[in-house]
Amino acid sequence: MEALLTALVLTGIFVALVLAAYRASGPRCSPWPQRLPFLGGGEADTHAWQRYHVRFYTMTLVFIAFEMEMMFMYPWAVVFVEEGLKALAEMGMFLAILSLGILYGWREGIFRWQ
Amino acid sequence: MSLAAFPFLAFFLALGAALVVVLDAVARAALAGAPAGPYLAGTFRHAAMRLSGQLVTTEAPDRANWRLAPAWYGALAAAGLAVVPFGEGMALIQLPTSIVLWGAVEALVVVVVFLHGWSPNAPFPLIGAYRYVATGLPVMLPSMFVLIGAALPARSLDVLAIVESQREMWNVVRQPLGLPLFLIVGLSLTLRGPMDYADSADLAGGSSAEDSGPARAMWQAARLAMLVAFSAMAATVFLGGYLGPLLPGPLWLALKTALVLELMVAATHLLPRMPVSRMVTFLWVVLLPVSFLHLLAAGLVAL
Amino acid sequence: MTLASVLIVAAGLIGIGLYGALSQQSFVMLMMGLELIMNGALLAVLGFWSFALGGMPEGQLLAIVIMAVMAVEMAAGFALVVAVYRNRQADVIESLTTLKQ
Amino acid sequence: MAVGGTPVFVAAGGGVLGAVEALRLEPALTLVATPRAAQVLVVAGEQRPSDRIALARIHAQLFEPRATVWWRADRPSGFDFGTGAPESVSDAAAFISAQATQSEGEAILLDDGPPNPWEGVGPYGQGGNGMMGGTPYGRPMAMTTDDLRDGLALDAYSATFGPYLTQWPPGLIMETTLQGDVIQSVRIVEAPLAQDLLAATPHLELARLLRLLELPALADRLVRAALADPARAAAGLARAVRWTGLLAAIPSALARDESGGDVRSRTAGRLDALSAGRPADPAAPGDLAAMLIGLEWHEAALVLASFSIDELRGAIASPAVRMAKGAA
Amino acid sequence: MTDALFTGLSALALYAGWRVFRVDSMVRASFWLMISFIAVGGIGLLLSAPYIGVATVFMMAVEMTVMVLFMVMFMMNPAGLNPMMMVHQHRFSIGVGVVAFAGMTAATLLTDLPSNPVAAGKAIVHDLGIELLGDSMLIFETAGVTLLATMVAAVILSARTGRFGDAVEGSVPPGLEPGGTPAGRVPEKSGGHHHGHGGHDHGSHGDGRSDHAHHHEGDGHDSGGHDHAGDKEKHA
């Protein structure tokens, strides 16, 4: 509970700081020419928000599957010394299995820009 | 919770950020072959001026997220620093799983930087935001492995226990690969030098290309705060944190944090930034196996 | 904070999630609904674990399993979305159902 | 990170790039990459008449109070604000820095209005119709097109970039279509402007590349060496640059030119030239626009920086090269 | 105090969950969902589950980031510049949601719930670790194989170079020296001028041969978008 309260208070402090800084700033409104996104003097045809073509999307899917392993590793780390080589062997197997997935992905070229 | 830690937290953030500015100016001037004095004077003079500038908006931004991103970033830095013990039992957030909390901070940094780049509705920030996600996600893997490696000898996920486990020997000696791997994570968390994929030079400042006045100043300040928080965490996990003879604990931690800050600043100015697809491959194909090895070595040493 | 109150909040999350999963036309939004249902399930499991199971480790394991299911569901779901979009240039559920035929 | 003096954005024109790099070394100034961060706009060098609107846009993007300084530049018609700076670099730096606090603000030249009418249009008054239609908030939305690389037809973003992008050679204007961060098509509208002799030294050419690789301090060191004596062999400096691992950071086989060199080999050639104190070997970019298609934005910037400005000008001069759309 | 925090976090979790389906911007929708998860993680902390609670925040931040990428990629009007309502069977869905909530609430209130709270000072994470390791390797093996299957399925389904795409490209092994050229950017042999520009250097890691094959194969395959693209260009 204390941890939650502390995090909330710290967040509140920073939000207040930032809002105070904005309050002290100069004029608020921007005329239209000033709002143009910076393109080195050029102009865009459309809004920048778009169905953005993420070039690494397969990598992110592999990542969320691989990252699940963390959920298992944290508790494993606590009992590692106690359980000794058995824990090492289990985690070694686990990571070896997951590494196969990464190797397969690498072979399929998921880490480069699609 | 130890409320005594609160003033330390505030001091750390303020003094640490000032120290980074000095270190950055000195390193930059030294490498450029110029005296550092004039640069330094200018930096502090202009920080105040930036705060009073106009808050420029773009055509149709996601205003709330854009304006609040620096606040979230700063809050994450503070929350990250809060798990660092400044002395025996003197951490603002004490949890049996505080390194998992640090992991959550790292994950949320990716969210915040993405929001900061997405919100202005402008191309350069947008590209910066997506690039950051591409590197920010996989770089979390070495980070988790490194922190779990440090948790092995401590038999706990608590940062306090990790410090106490270093009474005999610092983790930097026991787990030599850990600190370099963790520094790479830190460069990514604070958008610096070789890992600056969000605020890159080729994107005219990337996610902060459309920030002006106080928004820009706050974003830069939050980056400094995150750098301090990261360095304190690195000093705690690898350099024994507050442990040390004669001097009081917080002072030891400050000295070690300053040392890590120097390493970070040096890495910023001395290492080039690869194009992003190359870095993504590097993270998965080189750094991930290295962190496997690191964990294996750490495990064998801990047994 | 009692078990009943936790379970009611969980029920609320599941209810909202069901609404989302059933009403959204887009496949990715449907997945948001599913995630919200999982969120409710996670909360219910945590509540039971904390109040009724005396901190049995199996309860935590179940929570981890729920998270794993979420991760697997997301990875597989989005991969499917990509595959369908690549062929059909659309992501609405209707196009998924036509794909079956 | 911001280190140093008054933040200024330099809108560099022709014949002035070397001098602008010298300005960068002045502690009184910090050259920033976006006008959003700048207190002063410095318009430097010869300006093309056709760049008037671009310049007016940059001027409008500054935050208030705006201040403009003209340095070694003639004012295009209509730009009757700002002050002229002294010719010499150090005097100019002091002068520009002083303008930051003295400006009363300048009016925007462009009309204050959205690019398209939108307010009150559409069912919610946001300017649009349906999911994708209309001009919400004054601008249409991006639409899907086919993609060069992976066959996912997602939205394409088309825009004119330049001529004042500091990470590109000054004066270069390209109409570019992006999908994500990958360039789909390029039309070169204007070639970069011819620059002074200093800008053609291997030092400054390397410095441009180093800035793109986030090594600004080393870039400053190169500029300093060039200002001292561009003809002297600087083997130590070249070694310092090599030791950063710069060549390993550049992808191999990126943007092959006609003589078979790529970005990495051209950079290595510049380093050799630097350590020998001679000009770098010439390279021929060939079809520049086609070379950029399919590249990620950072890689494209590296490709541009890997050629000298004269090489780029030469490649763009022939009209056949100026049009290149889509994949072959 | 705990009750106040619980009430606040519950309200936040429910409100955020409701906002998910009410905002126009897909980015906001995803991150509202993340906030809902974070609130549940916070409640987890209050329920003396320090590990699951914090790990929920950690995992969900990552998953929602990925969610955002895909939401923006595949939803029309991802930023919600035009207000929109993409729903079907709306009333029915609301009904189902309400009935489900009411049913579960009634069940909760009418059942006599067991009570056996977590003992203070219990080594929660430690117990979980022991449980995970177990007597056999069952849990780790099962999880590993499931996740591996997920990864492989995700790659096959989503990557263009997957098994259903260009078989030739997929069968070319990557460069095996990790330190050297990890991206496999081996200089092209003859593929470069085949399509007349350097751009495809990038798309053709692996080696020059695969690049060549890639482009010929593309015409004959029925693998969706690439062909589509090819056709368009021919027409243009």
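As written, the chains take the letters A, B, C, D and E, and residue 1 is the first residue of each chain.
The definition used in the following text is that a residue touches a chain if its C-beta (ideal position, glycine included) is under 8 Å from a C-beta of that chain, and two chains touch if they have at least 3 such contacts.
Not measured: the values here are computed from a predicted model.
K.L.:
State which chains count as neighbours of chain A and simultaneously of chain C.
P.N.:
D, E
K.L.:
Chains still linked by touching once chain E is gone?
P.N.:
Result with chain E masked: one piece.
K.L.:
Using mean Cα positions, find the chain sitting nearest the overall protein centre.
P.N.:
Checking distances from each chain centre to the full centroid gives A.
K.L.:
Specify the chain most distant from chain D by Cα centroid.
P.N.:
Comparing chain centres, C lies farthest from chain D.
K.L.:
Can you check which chain pair, C-E or B-E, has more C-beta pairs in contact?
P.N.:
Between C-E and B-E, the larger count of C-beta pairs in contact belongs to C-E.
K.L.:
From the mean C-alpha coordinate of chain B to that of chain D, what's the distance rounded to whole Å?
P.N.:
30
K.L.:
In angstrom, rounded to a whole number, how far apart do the mean CA points of chain D and chain E lie?
P.N.:
Distance between chain centres: 37 Å.
K.L.:
Give, as an integer number of Å, the spacing between the C-alpha centres of chain B and chain A.
P.N.:
Comparing mean C-alpha positions, chain B is 14 Å from chain A.
K.L.:
Of all the residues in chain D, which ones touch at least 2 other chains?
P.N.:
Counting only residues that touch two or more other chains, chain D contributes 34, 36, 61, 63-64, 114, 136-139, 141, 144, 147, 149-154, 157, 159, 165-166, 180-181, 251, 296, 299.
K.L.:
List, in ascending order, every residue of chain E touching at least 2 other chains.
P.N.:
2, 45-46, 51, 55, 58-59, 62-63, 66, 69-70, 73-76, 79, 81, 86, 124-125, 128, 130, 132, 139, 143, 147, 150-151, 154-155, 158, 160, 183, 185, 202-203, 223-225
K.L.:
Which residues does chain B have that touch at least 2 chains other than itself?
P.N.:
Residues 53-56, 59-60, 95, 97, 100-101, 103, 118, 121, 123-124, 130, 133, 137, 140, 157, 204, 209-210, 213, 276-278, 281, 285 of chain B each touch two or more of the other chains.
K.L.:
For this entry, which pairs of chains touch?
P.N.:
A-B, A-C, A-D, A-E, B-D, B-E, C-D, C-E, D-E
K.L.:
Going by the contact rule set out above, which residues of chain B touch chain A in the complex?
P.N.:
1, 51-60, 67-68, 70-72, 74-75, 78-79, 82, 92-95, 97, 99-101, 103, 118, 120-124, 126, 130, 133-134, 137-138, 140-141, 144, 148, 151-153, 155-157, 204, 209-210, 213-215, 217-218, 222, 276-277, 280-281, 284-285, 288, 292, 296, 299-300, 302-303
K.L.:
Which residues of chain D touch chain B once you look at their complex with the stated criterion?
P.N.:
Residues 1-7, 25, 27-28, 30, 32-34, 36-37, 39, 61, 63-64, 100, 114, 136-139, 157, 159, 165-167, 178, 180-181, 210-218, 220-221, 224, 244-246, 249-251, 296-299, 301-302.
K.L.:
Considering only the defined contacts, which chain C positions touch chain E in the complex?
P.N.:
Residues in contact with chain E: 1, 3-20, 22-29, 31-33, 35-36, 39, 42-43, 46-47, 49-55, 57-58, 60-61, 63-64, 67-68, 70-72, 74-76, 78-83, 85-87, 89, 91-92.
K.L.:
Once bound in the complex, which stretches of chain A touch chain E?
P.N.:
Within the complex, chain A touches chain E at residues 1, 3-5, 47, 49-54, 57-58, 60-72, 74-80, 83, 86-87, 90-91, 93-94, 97-98, 100-102, 104-114.
K.L.:
For chain E, which residues count as touching chain A in their complex?
P.N.:
My answer: residues 1-2, 5, 42, 45-46, 51, 55, 58-59, 62-63, 66, 69-70, 72-76, 78-79, 81, 125-126, 128-130, 132-133, 137, 139-141, 143-145, 147-148, 150-152, 154-155, 158-162, 169-170, 173-174, 183-184, 202-203, 205-206.
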